[in-house]
């Protein structure tokens, strides 16, 4: 085990050895094994956006096994998906790559202003599927945030008692935040803090923009001269907000974009001290060789 | 054990020995050990107001371990924080200072007129983290107060059965009270009474102003000549309202203010028979040496 | 055991012996022991109206122990209070007077048109505190009455299975009734009936006025010449409405009033066949000797 | 409440108010109310020895109601019986006398050398029957003592949490003790100690003889000159063994004997500081007037 | 917190913070606070050997409160006793000294060759009594050892999940070991190892003699030249057997002996690296001033 991996595990020394062992499984898997960095493949878009929007552009991706193989071939640390996608491939791939069970989901057939997510899998599911972690999304800013926080807490308590790390996707939305505000620096940093306070072991947030959403927060950013540029400075601020870097924070990729744009984002995450990327649509919506090539470049950046 | 500590424990003689032992742990810890007085460090602002508003002014405070050490160095009776902040430091600080798990929380990404809090930790969490108490906030005056009272009662019953005292932060807000009314004398006294009736062993309220919010209450204050001045008379009235002083009431600090102003408030709390102060932003938003110096002065006042 | 007490217990012969034993404890306690009549001291005003409105006029009453002693000294059958007030005195007074745990409460910081109450204590609380009964308020006429009826029923079912009688304070309020209608004869009689139908063993209602609120009811009162005067005739009608007198109905005192007025009300209750009075503010808002003198006169009337 | 009753309740100050209230019910009932002394009528012989051996000598005693009435007429503090006998009379006698549910039993159709008892009633039974306590027998010295101790502990924990005192009949028998040893001073004192250590609030033992059973114990009695005579000195020693008199210990009557013999035993219990007698066969196996006369004499002795 | 206490807590870094906090409570209490050494007062002899054999030599010790006060006055780290003895004093002494609930017990009225213990208290009892640990005895070598090991494991799992350390008294007896073998070096070392393997956080064993019981073990002791003399070498071997000193091992005192003999044993424990002594009969079977003087000498030795 490398010194850096030991150091990171040290941040979790009040968690039981089961949680730490599963964190170690992810930290020591794939092409970034031992570096303390992560590239994770998440595929919940089929549930979140519908199958055609997700897979029509690259039809082999309709097959759940495609994504296991892609994550393995690309050398990712882990593969994250909802219950059905894992159940449909796990028998073939058991033991080949750490899995994260995405245990709540939301679809756009019912798209409210203030959404909540349905709990769609259990801690016991994660255990029987051999997962290395369980993941949940919360929407801070939604009028329904209370129920999501409470579900995260309850499932997190059960998961950690059974040795499974809790991963929270913390994505602000709803009445409390503007569309632009969803990726505002203050809001993203706040989202990371909330996830950490709820007991998350790993946190997923969106890359922050230079916008500040909340008037009260703006005063603090101005008064204390928290830099909004360059992008890497914003990443650094998010890491501070995640317990001064003592929680693993991974940045999501979002909608499909050009390679250059994505790689620039990755360079900023690396420069700002982020732990890595979770790259879904920019992976599985390309032909596999292209995806592997792109993820290879991402991994090279994180190798430093 | 001092005579005063025994006297205070005597107010709780219908609680089990576990609850009384944990109250004793806090009463007998830190520089105020044995005096029957309290200075507590609470750090839930990261969740309640966001990380930059809380910590940007004093960046070492982004690190959860900072606050454990600050509370220890300052000689506080206890340190109170949400699940994540406790989990991120407790392995290093186990047994060094009594802990209060702040088990519900609210953020300002979703800021309703009538807020409710999410339950973000459990009694079992408090036990496995070695806490001396569990704390919850209630918002009397919110249209959602019913759910908060019921959560306080349920969690309180479970906590006390397991030997953990119940601490209630009783902070009136919502449609039922005006902004000015949130700290009105009648409202603060009422908030203390409600917390006590819900079974709280320790009660946190804001320092009361000389304003009276409720018309019906005003009649009672006028008719019975309840004095509104000086500040210490208001503290005395709040203590009466907390079962004639037979419940521990601690007064919060609120927003950052000048040392003189804060110390005057503390002198008034002491003169009026209050049990002490819970000082968050006025502690961790200063450089550590300044914070310790200020808390030292607070402690000196309470030492009498 | 007197013949009258046996007769009253006979009305409850489908309840288990635990419920009947606890009814007997109250029927056989205090200066009215054995008469089948009740004078009960209730002190939930601290929660319901706030501490200053409740106790400023008689400051010793801020101390929870004051009320236990008052109820004992006055020779009441029982003392009723919320969780906090009972917990703060019961260790000292265990076994000295039957206790009723007031297990839901409402405050006026949030005063809606259609209020609901929060459940603030449990059946297990009542058992560990040694109570002889558990009490709940319902607000017939509130748009939220369904939740209150259901909580009353559920808690009542659990209470009675554990040998604890269910006491219901049945106080019409909310959109469904006018202010004047809250004490209208038809409404009070209806409130008594609802409480009985929900399984209450003891029922608290307000003394009825000669007003009839509901048009459909008015037709029935007129057609059948139900007398509205004198006051004792209205009491008699309420008793009929409480299963022809086969449920214990106690009449509340309400706001502080002159001795003559209160004693006239008591004479009417006695003449009309009521079971007694529950006298809060007219007891604890006077100096103790005056309160005991007044309650002594009330008791003398009920002794007949 | 008398000073002596308060003093006794003070021995139980780590128990909840429910347990103390029910102890107070027994301490304040019957002709010995307020004295701190007990005379209890137990009728489990029908189960333990069979009906003819128990009741043929006084046929009205076949009727379960006979024993309720006898306990009431004699002025006992409480009446103790198994589930069936209580269920068959309690509807008629609810609230008239404190009841103790004898919740385990043994019969002589199956008479082993090392007996265990069957659990024949529950805490919930005791609550629905309105009992003031729950009672169990243990047989220290039986090879099956482990199961009995564990049942006593489990039922005791549940009972006390629900406000019911635990009464233990501690009757040594089995391979570990000789027939003579069952009432040996060392064995009876030991039985009282074991019951207290198991958490019993009230303890029933047999009057001790001057015999010492255990060789190791004999050394201690000799070395420390623990007096074996007179009988009252042995009672005193048993009381010491029951936490220095801080647990209520009642002495059983045993087989039917002459009035003089029984009254002499009672005088010794009184002189030695015992809390009273539990008198079964010497009560219900005589014609009722004789039984009441005899119990009257017993009560007179305990009145002092 | 001293460096040594931190070091010891470090041996338990896979336990949760609750367990470590409670270990710290004991390590930081009494005259040995901070040294990493222990002197504990255990009083379960009343149950184990009977009251007269335990207390007749020093009659004030019949009173359960005597032992709380003795442990406090002597400056012990903790006081250990069965349920009844703790319940009978804890209300008075809550928060004054760390308590260990001795949760299984055995008596000598039933003295089998292969004894088992009865579970006589629960984890919830320990929590409501405010205990710092829960303790159980196991008898390795008894044919019934399986049930004891399993109870220890089950109760230990529940205790540790609730933040309570598990203390095991590991006392070989039964068919598997000769009388002399009960304190044989190989057997005592084996007993310490078994307790550690069962998850014990603290282990109590008897001081080992130079005898080797088991033939197979003797070969290993001879072949590897494990020294049997002096006494401190045997202690050192037991400490090695307790995970190379990474588990707290306390040595019991046994039957009453001369001061010199006992102090020599203590010197050997100290020289051999033991963590301390648990001294029952040599404490409470002397007049209190003598006991405090002797314990003072023991403490001085451990202070080094």
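Per-chain residue numbering starts at 1, and chain names A, B, C, D and E are given in the order in which the chains are listed.
The rule is short, and it goes like this: contacts are C-beta pairs under 8 Å (C-beta built on N, C-alpha and C of every residue); 3 or more make two chains touch, one makes a residue touch a chain.
All figures in this text were calculated on a predicted structure; none of them were measured in a lab.
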If we look at subunit A and subunit D, which chains touch each of them?
-> B, E
Among A-B, B-D or A-E, whose interface repeats B-C's (more than half the contact pairs identical)?
-> A-B
So, what's the distance in Å between the C-alpha centres of subunit E and subunit B?
-> 40
Centre to centre, by mean C-alpha position, how many angstrom separate subunit A and subunit C?
-> 57
Please list all residues of subunit A that touch 2 or more other chains.
-> 13-14
Looking only at which chains touch which, which shape fits best: line, ring, star, complete or other?
-> other
Interchain contacts, given as pairs of chains that touch | A-B, A-E, B-C, B-D, B-E, C-D, D-E
Mind listing the subunit B positions that touch subunit C in their complex?
-> 11, 13-15, 140-143, 145-147, 149-150, 153, 157, 172, 174-177, 186-187, 189-194, 196-200, 214, 216-217, 219-221, 223-224, 226, 237, 240-241, 243-244, 246-247
Under the touch definition given earlier, write down the residues of subunit E that touch subunit A in their complex.
-> 13-14, 16-17, 161
How about subunit B: which of its residues touch subunit E in the complex?
-> 1, 9, 13, 16-25, 27-28, 90-91, 94-96, 124, 127-131, 161-163
Residues of subunit C touching subunit B in the complex | 46-47, 49-53, 55-57, 59, 62-64, 82-85, 87-92, 105, 107-112, 116-122, 124-125, 129
